[in-house]
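Naming follows writing order (A, B, C and D), and every chain is counted from residue 1.
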Amino acid sequence: MRVGFFGLGNMGIGMVRNLLAAGHDVTVFNRTIEKARPLEKDGAKVAAHPRDLAGADVVVTMLADDAALEAAALEGSGLAPAFAAGALHLSMSTVSVALARRLTEAHARAGGVFVSAPVFGRPEAAAGAKLFIVAAGPPDAVDRCRPLLSVMGQKTFVVGDDPPVANVLKLAGNFLIAATIESMAEAFALARKSGVDAEQVLEMLTGSLFTAPFQKNYAAMIARGSHEAGGGFALELGLKDLRLVLAAADAARVPMPTASLVHNQLTAGVGRGLGALDWSALGRLAADNAGL
Amino acid sequence: MRVGFFGLGNMGIGMVRNLLAAGHDVTVFNRTIEKARPLEKDGAKVAAHPRDLAGADVVVTMLADDAALEAAALEGSGLAPAFAAGALHLSMSTVSVALARRLTEAHARAGGVFVSAPVFGRPEAAAGAKLFIVAAGPPDAVDRCRPLLSVMGQKTFVVGDDPPVANVLKLAGNFLIAATIESMAEAFALARKSGVDAEQVLEMLTGSLFTAPFQKNYAAMIARGSHEAGGGFALELGLKDLRLVLAAADAARVPMPTASLVHNQLTAGVGRGLGALDWSALGRLAADNAGL
Amino acid sequence: MRVGFFGLGNMGIGMVRNLLAAGHDVTVFNRTIEKARPLEKDGAKVAAHPRDLAGADVVVTMLADDAALEAAALEGSGLAPAFAAGALHLSMSTVSVALARRLTEAHARAGGVFVSAPVFGRPEAAAGAKLFIVAAGPPDAVDRCRPLLSVMGQKTFVVGDDPPVANVLKLAGNFLIAATIESMAEAFALARKSGVDAEQVLEMLTGSLFTAPFQKNYAAMIARGSHEAGGGFALELGLKDLRLVLAAADAARVPMPTASLVHNQLTAGVGRGLGALDWSALGRLAADNAGL
Amino acid sequence: MRVGFFGLGNMGIGMVRNLLAAGHDVTVFNRTIEKARPLEKDGAKVAAHPRDLAGADVVVTMLADDAALEAAALEGSGLAPAFAAGALHLSMSTVSVALARRLTEAHARAGGVFVSAPVFGRPEAAAGAKLFIVAAGPPDAVDRCRPLLSVMGQKTFVVGDDPPVANVLKLAGNFLIAATIESMAEAFALARKSGVDAEQVLEMLTGSLFTAPFQKNYAAMIARGSHEAGGGFALELGLKDLRLVLAAADAARVPMPTASLVHNQLTAGVGRGLGALDWSALGRLAADNAGL
C-alpha cells in the first residue's frame, strides 16, 4: 500500500521501518526533516511538505500531543489537502477524546475517513512490532488499515465503530498503569519504612500475584530507585496523559477519584523537580513523603 | 511432623487436607467442632480443647481476624499452655502488624517461637496447595516449618527474621489488589459511560497489559457485574484488611493516599448495602456514582 | 454614567436596579428579551441587539458561563462592535481564568479596556447591593468602574492590574466554600451516625468556631437536609465552578487534592441524581455513603 | 466546690487559676510536680499522689493524650481510688471516642460518674476563660459541673447524655479546622502561583466570606509563612487528632475522604520535617508541592 507517515519521534521511526520491511510504499514527513533522512536508506521517500502525502491510500499520524495533531490535521497549512482527496487518516497518537471527536467530524464533513488507533508500548516495542493497538472506526476503513496494523503491532483490538472510543480505552489503559505505579510506590514506602528490604518486596510481589510484565518493570524501577527517563516515559508526559483522562471523565460525568489522586501526585512530582524522570519517580515522591 | 491446627474456615480445611495427604500427624481444633468432623475420615484427630494441641511440633493458627487470634493465642483459656511448652507457633492468618508484634514478644517471653506466614489465595487455592506464602521469623524456625509450608502452598517467600514484616507484606499485597479493583472500577465506568461495550473493554485490557491472573479475574467480575461473594472475598472483609493497612501505615508514618481512598470507597460500599458482595462490587459503586 | 448591561439572570436584574437607583443611565440586553421588560419601569432602556450597547461608558457582562460570555464578547455577532468603539468591558461573571486571559488579549488588540470583577453573593445579595466584588485591571480603568461597583456591592477588593487574577481569586473563594460544605457534610455524617442530634451539632459548631455567615447557612442546610435549590446554588453549577478551579490549578501546575476530591463528590452527586439541588446536597451524599 | 485537678500542661494551668479565682477549693496533681508549685501562691494545694485527689466533689483531668488519661484513670496506681469513692470524673482532654466509652463503662461499674467535656481553645483562651466546652453526661452530673465549667469557658454546649458523643463533636470540630487549613493552603498556593500577592489574597478572603476568627488566624499564618509553633498547635499533634477522627469514623462506618486526605497531608508534613511547626505548615507543604 501507499502510506503517508507524519511524525518521526521515538515511536514513529520504528513503526515506519516495520512498514517498509513489510513491503509498503512509505512517504514520510517530519517537521524536523533531519529525523527523516536515516529512513531513506530503508526505502522511505521523504516529503518536503505535508501536502505531499496526498495520494497515499492511508496517512498515518504519530505525533506528540493534541496541539501537534491539531496543527497537522485541522489547520490549512497541514494535511487538509491530503484528506480532502479522500484519503484515510489513521491516527495512532495518544490524544484527547475531544480531539478525536473533532477529527471524526471534520473528516466526515470533508468526505474523508478517520480511524483512531492509539498504541500501548515503548519505543522498543514500536521497533520490534510488539505494540498493542486499540482501533475504532468504520469497519471497512479499519479493514483497509489491517495490512499496516498487523506489521506494526502484535495485536489489534477493534473496539467499535466510533473512532473516539479507541482514545477512551487508550487513556483508560494509561490511567491503570499510572494507578499501578502510584499504589506500588505507596506499598514500597510502607514496606521499606517497616524494615523490609526493597529487593525482597520486589521478589515477593512480582513472584506471586503481580506478574504482568509492566508490573514487574515498574516494581523494579521503584524498588531500585532507578528513574532515569532514558528509555522511559517522562513523568511530565504522564501528567499530560492523566490530564486527558480527567478531561474525558469530566466530559462523561464519571467520578474517577484514583485518577484525580494520581494527577495530583504527578503535579506534585513536577513541583518537586521530578518531571523529567520516568514516571516511576512517583516512588521517590512517596518515599520522600514518608520521610525515608 | 506432629501438627496442631487451630481454625477450620474455608481456608483451613483445605490446608489441613494437604498436610494430611503429605503424611503429617494433624490434630485439629475449631470453636464449632462440627466443622472438624469431616476431616476425621481424612485422618485428622479432633481436639476438644485448644490445650490438647500441646505437644505438637508446630501449632498452626488460621483464624478470621485479630480478635480470634488474640483470644486463641494470648488469653489464658486458649493455646497458651501449648505454647508454654515451647512449641512453634506458625500464624497464617491475615492479622494486624501490631498483633504480630505482640505475639512475637509474648512468645519470646514465654520461651516459645513465633513464625508469621500469612498467605495469598482463595479457598480453591488453599484446597489445591496453590497458596503463595509470605514468611518471616527466626531462620531455624522457618526451616522447621518448611515441610508444612511446602505442602500447603506453591511458593514461600521468606522476607526476614522479624515476624511482623510478613504481615506488612501480606497487607501491602492486599492493598495492591484492592487498588487494582478500584482503579479498574473507575476505568470501566469511564469506558462504559463513553459508549464502549464492557466485554470489549475486558478483552482489550486483559489481552494487552493487564494479564496477571488476579487482574483478569477482577476485570471480568467488574465487566459482568457479577459480585456474588460465594467463592469470593466479601467487601466488608476487604474493608477490614484496608483498616489493617492504614493502621500499619499510620504506625510507620507513611502517607498512603490510595489506600485511604480505597478504604473510604469500601466504607461507602458498606453504607450503600454492598458489604456482603465480593469486593469487586466497588465496580458497582463506581457505576452508580457515574449515573450508569 | 452611561452603562450597557448584558445578562439579566437572577443576579443581573438586581444589579441593574441598583445602578438605576443610583442614577446611572442603563441600557440592558438579554437573549430572552422578556426578562428585560420589567426593568423598563425602573428606567432602563432595552436594546434589541448587543451592538446597541455601543456608546456606553462601560459595558457590564453578567452571564452564565464561559460559552455565553465568549459568544457575547468574542464572536462577531455580539458585543464586538461595542468594544471596538473603545468602551470599557467590565466582566462580572464567574468564568475561567483562561477566558479572562483571552478577553484581556482580545480587548488589548482591539484597543479596548478590560476589567474583570467577579462577585460573591446570592441573588438576594445582588438585589441588596451586598455583593463582595473582586476586581483586577488597569488602575485607571478600575477607577472608572468605581461609581458602578460601589452601588452594586458592599465592598470591592482590587487585587492587581492583570484582569485574570480576579478570576483566580473568585474561583479560589468558591473552592473554599465547596470544601467547607464537603467537610461539614462529613462531620455531620460522623456525628449523626455516632448518635448526636443534628440540631445539637449545628448549635455547637456554629455557636463556637464556625461563625462565618456562609458556614452558618450551609451547616443549617446540611443539618436539616433542606437542599431545595430555589434561592440556592445548584450542585451542577458548583461542579462547573470546581471544573474551572481545577483547570486553573492544572494550568498553574498546583496540586489541589481537596479541590479534586470535591469535584469528584459533586460529579457523584450528579450521578446520584442530586444535580438540581443546592450544592449543600453533598450532605445527603455523605449521609447516604454512611448508610444513614 | 472541692476540686481535684490532674494535668498541668499549658492548658491546665490557666484553667486551675480560673477555678481558684472563682473561689473553688482546688487540689492539683501533676507527674512533674515542679509545674504545680507556681499555683500554690494562687491558693492551690499540691497533692503528692493522684489518690490524694480522693474526696473532691469533682476530679478534672486535662491530659495530653489517650495513654496519659488511661494511665491516670484506668490503672491501679492512678485515680482509681479517688473514683471508687464515687467522685465525679470530669474529663476535659481531647481523647478518643473509644477511650471515652471505656471510661464511661469503667466508672459505671465502679459506681462513679463520668462527664466528658473537651474544649476548643488555645492556652491563651484557657487563661482568659474563653474556652468553648462541649459536654455530655448524665444531666444531673453535668449540672454539678456547671459551677466549674462556667468559670473556665465562655460557653458550654451540652450535647447529650452519653459522654463519648462530646468527644465525637470535639473531634469533628478539630477536623473542620484542619480541613480549613488544608483547603486554604491549596487556595493560597493556587493564587500565589497565579501571580497574586499573598497579602492581597489574605485581605480579600478574610474581608469577604471567611471571617470566622480561626479562619483569619490561619489564613494569616499561611499567607505569611509563619508557622513557628510557639503559641500554636504542633502539626504532629494535629496528626494525632486526625488519627482519632478517622478511628471514630471507621468505628461508625462513615466515609470521611476529606479527613483521610488531611491525615495523609499531615503525615507527609511529618515526613518532610514539618512536624514541630504549627499545623498551618500545611501551607508550606502545599507551596512546596506547587514548586513555589
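Throughout what follows, a contact is a pair of C-beta atoms (placed from the backbone, for glycine too) under 8 Å apart; a residue touches a chain by one contact, two chains touch by 3 or more.
Note that the structure is a prediction, hence the values are computed from the model and not measured.
Engineer: What chain lies farthest away from subunit D once each centre is taken as the mean of the Cα atoms?
Structural biologist: Centre of mass proxy via C-alpha means gives A as farthest from subunit D.
Engineer: Distance between subunit C and subunit D based on Cα centroids, please, to the nearest Å.
Structural biologist: It comes to 38 Å between the two C-alpha centres.
Engineer: Take the average of all CA coordinates in subunit B, do the same for subunit D, and state the distance between these two points in whole angstrom.
Structural biologist: From the centre of subunit B to the centre of subunit D is 39 Å.
Engineer: What parts of subunit A, by residue number, touch at least two of the other chains?
Structural biologist: Each of 249, 253-257, 261, 265, 267-268, 270-271, 289-291 in subunit A touches at least two other chains.
Engineer: Using the contact definition from the top, classify how the chains connect: line, ring, star, complete or other.
Structural biologist: complete
Engineer: Quick check: in the complex, which residue numbers of subunit A touch subunit D?
Structural biologist: Going through subunit A, the ones touching subunit D are 257, 267-268, 270-273, 288-292.
Engineer: With touch defined as at the start, can you tell me which subunit A residues reach subunit C in the complex?
Structural biologist: 243, 246, 249-250, 253-257, 260-261, 263-265, 267-268, 270-271
Engineer: Which positions of subunit C touch subunit D when the two form their complex?
Structural biologist: Contacts found on subunit C: 97, 120, 132, 134, 155, 157, 159-160, 162, 164-165, 168-169, 172-173, 175-177, 179-180, 182-184, 186-187, 189-191, 193-197, 200-201, 203-205, 207-215, 245, 248-249, 252-259, 261, 265, 286, 289-291.
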